[in-house]
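Chain lettering (A, B and C) follows the sequence in which the chains are written, and residue indices restart at 1 in each chain.
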Amino acid sequence: MSESNFYESLSDIEPGQRTYLDSNELVLNMGPQHPSTHGVLRVILKLDGEKVLGTDCVIGYLHRGVEKIGENRTYAQFNPYVDRMDYVAAVSNGLGYCLAVEKLLGVEAPKRAQYLRVILTELNRISSHHVWLGTHALDIGAITPLFYVFREREEILKIFEKYCGARLTTHAFRIGGCQYDAYEGFEKEVLKFCAEQAKKIDEYEELLTTNRIWVDRTKDVGVLSAEECIALGATGPIIRGSGVRWDLRKAQPYSSYEDFDFEIPIGLNGDTYDRYVVRIQEMRQSLRIVEQAVAGLMEGPIMAKVPKIIKPPAGEVYVSIEAPKGELGYFIVSDGTTQPYRMRVRPPSFVNLQSLDQMVRGRLVADVVAIIGTLDIVLGEVDR
Amino acid sequence: MEPLTRYLSSNVTPGEAGDMLWITIYILIVFAGVSVAVICMNWLERKILAHMQIRLGPMRVGPHGLLQPIADAVKLLIKEDVIPAKADKLMFWFAPLIVVMTAFTLFLVVPFGRTHAVTDMNIGILFMLGASSLSVLGVIIGGWSSNSHYPLLGALRSSAQMVSYEIAMGLAIVAAVLMTSLQTGTGTLSMIGIVESQAAQQTWFAFQFFPLGFIALVIFSIAMVAETNRAPFDLPEAESELVAGFMTEYSGIRWSLFFLAEYASMMAVSSIAVTLWLGGWLRPFPNALGGHAWDVAFSLVPGIAFLGLAAMCLLGAIRMPKVGALRVQTVGLAGFGVVLGLVGLVMLLPGVRERVQDIFWFVAKASIFMYLYIWYRGTFPRYRFDQLMKVGWKVLLPIALAVLILTALVGVRQELYAVFAGVIR
Amino acid sequence: MTLGAVLRKIFMVDILTGMSVTFRHQKQADVITEQYPLERPVIAERYRGQPRLAVDPETGETLCNGCGMCVTACPEKLITVTSERDPETKKKKMTTYTLDLSRCMFCGLCQEACPTDCIELTQDYEMALYSREGMVLSREQLEQGPKPTVYVR
């Protein structure tokens, strides 16, 4: 549909019957340049006053063709590109990709590498939730939590920088294990961070959890029932906030997650507040996992025997992991050459974003930004 | 020399004395003072907010960013002045002027001291309320004339918000005005009269009929935040929802006029709160720490406060890292400290300190509210529009009504008691 | 709602706890701002910054043997190496080496592929330039390594 047709289809009044004083709906373009659309998401809102009658998401402003790039690079060469999809959780992306290629090759990373991967991925989950909390609170108008969470995120990024030499687009893992071994003092630094972070989470909760404005703004906003979540394919904290105990780390453990004792926090009502609580609890659970993984970190090799030129046998594989935002899946078809025949990514943000319309309909404009915030989308991942 | 002696011997405001020369001078002083205060407030807000957010805030323009507001003002003045092509140009040009004019008009009756007001109106507080509600006109015109969606939504929000919070605000004010009639039997609406009746009753109205006066102050201090469109009630300019609300299409000098008006009206409503509930220019603890000796001691406070600020500046200059790039800033900070110190010394002079202490106490009390504004902004999320209305109509309004009725009953009870006592006697 | 919850609501305990958090953080010790460039961050040892070509510290000869492993490893195909065979020793010798920094994503794959540890990513992160042409680094620039930026006022 062309753009002008689209606007006209939003209005209930026939084009010929329009007068100067008709009371047709207001069509508001939120984005792609808007303070709270988390990047370049464009939401076309059809408004009756402040009430939202319908939405239409326009995506693709950040499309870089990551999947196509993957089909033109060797398996090892594509590894740094996956960091650039969900750039606030680059380590998780790398882990999913490496696991997929490892399954295709039929190798498994050594135990030490798996534990290192768990530590870094869980730290990354915390830092991704940091970004979510900061921006979500900022959307709802609390400007201070952003700086508090970025203070802790900085600590995580420093650990990443010391471990693998980059802060954001880490390229931390390689196919078959880890390129870098833990640096000296890694365990101590991670444990110190965990001990401090637990106190800092209390601080975020002091600022927000009981605050009446925060509760008013998030309770009963963007409600999704468990059935709706499943029908929409929502994963991650969205579905857990609606009371479905679904976490791939428990459902189909990968990378030694079965060794660790942790709980899956779930919500009851499936509203924005529950998703907030779920994510806060997830940060605490991630700290638990990290502490256990550091305690159980054993000596040993960090790289499995992988040929220098990776040439997996022909076949296809789908591997999904629990990224901070939901199920992150990689579908790779190999034709036996050094480059994948087909590469397909199932990004959690993209799938979760389609529940926006359902949550927003009938709410107010202010709820739209709260709901976009609670979805925790990263446009690099939505558009790929 | 004659005007000066006339001024010094007068013990009423120039407006009451009908002294045109001094009225003009006062208006100019108030205008300049408020503008300077906006600049200071701008710097303070950035710094305090930054420190609440574990940042440093402006640090580069001048020592500790002291010249940042001036740099910003210059930038705004020389910036290209954009008027949207489809905007209503006359109205677009007119809206910030309305807002600024109303914000500054309020200061006509603000009593910084017994003689330190432009004039004393017998309907002072009504004038404040009436003039402050005019600013909503400017906001609506600004939002409408931009001919853009976000400003329109912002203007609609602000029209509903500012009107509905005025009611709770008005009821809280009436409760305070009722208290002025307690001893004399006749109340007053004059800003100076209200402060004088607090002096006569030897208590600030915040502590009269505790907790009634205090609740009224709390209601007012919530409603005034909504009235001035500040966080957590900043829906008309909610940056995460409406980009910048009614100011979205404004830039350069027009935008800075809105900015100026916002801070000026914040100060104006703070000074209403100070006048009505916190004893205006009266010094704190008049009863517990009464007597001539304490009077003198309290009159020294303004000078000492300025000397303290000077000491902070000089300490900061000493603590400044000894880097070549920062030499100019160090000298500047030290110079600023010396100037503040000289001002402090002048304020300690016997002739000056009696006249200045009124203003000092008034400003000090008002600055508590200004700090609260920043503190709110640093802490709270923003209300949604329907919740804002709910708070205004379903929470603040009933409480304000209850406080008003209870204040009236408690006040009458005392008088009834007096009547009964007379009958029995 | 229990009585405690009602009392907490009336006395605005939730609001006051939030305000106490922001109030507590006002002290100077909590400030985490790093006043770059006056204060400079500590860069990790493994940091992947601007690339350089290592030379033998004694002889000043390049370690590169012109094998071209980095060329094949680079996902963005930014590296070009030309080499020629030394007629006397029958060994390959690198003659020219260019690296287009403008599209480099500092993944470190070239560093990992290099058999002689010649190309390495240094800790320098200040690579801003005024021209795109300056981003294409020649062999001489790469061997010289990054020059630390000095700020003057």
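Quick note on the criterion: a contact is a pair of C-beta atoms (placed from the backbone, for glycine too) under 8 Å apart; a residue touches a chain by one contact, two chains touch by 3 or more.
All figures in this text were calculated on a predicted structure; none of them were measured in a lab.
Asker: Among all chains, whose Cα centre is located farthest from the one for chain B?
Answerer: If we average the C-alpha coordinates per chain, C ends up farthest from chain B.
Asker: Decide which interface, B-C or A-C, involves more C-beta pairs in contact, and give its chain pair.
Answerer: Between the chain pairs A-C and B-C, A-C carries more contacts.
Asker: Measure off the straight-line distance from the CA centroid of chain A to the CA centroid of chain B, and report it in whole Å.
Answerer: Whole-Å distance between the two chain centres: 45.
Asker: Centroid from C-alpha atoms only, then distance chain A to chain C, rounded to Å. What do you get?
Answerer: Going by mean C-alpha positions, chain A sits 25 Å from chain C.
Asker: Could you put a whole-Å number on the gap between the CA centroids of chain B and chain C?
Answerer: 50
Asker: Of all the residues in chain B, which ones touch at least 2 other chains?
Answerer: Within chain B, the residues that touch at least two other chains are 52-55, 378-380.
Asker: Indicate the residues of chain A shared as contacts by at least two other chains.
Answerer: 144, 148, 151, 207-208, 211
Asker: Two or more other chains touching the same residue: where does that happen in chain C?
Answerer: Only 15, 18, 21-22, 25, 32 qualify.
Asker: How about chain C: which of its residues touch chain A in the complex?
Answerer: Per the touch definition, chain C meets chain A at residues 9, 13-15, 17-18, 20-22, 25, 32, 43-48, 73-75, 105-109, 112, 121.
Asker: Applying the document's contact rule, which stretches of chain B touch chain A when the two form their complex?
Answerer: Touch list, chain B to chain A: 52-55, 149-150, 153, 156-157, 231-232, 234-235, 238-243, 377-387.
Asker: Over in the complex, which chain A residues touch chain C? Could you list them?
Answerer: Touch list, chain A to chain C: 73, 76-81, 84, 144, 148, 151, 154, 158, 161-166, 169, 171, 179-180, 183, 203, 206-208, 210-212.
Asker: Inside the complex, what are the residues of chain A that reach chain B?
Answerer: Its residues touching chain B are 26, 28-29, 34-36, 49-50, 137-144, 146-148, 151, 207-208, 211, 213-214, 216-217, 364-369.
Asker: Looking at the complex, which residues from chain B come into contact with chain C?
Answerer: For this pair, the touching residues of chain B are 48, 51-56, 59, 321, 323-325, 375, 378-380.
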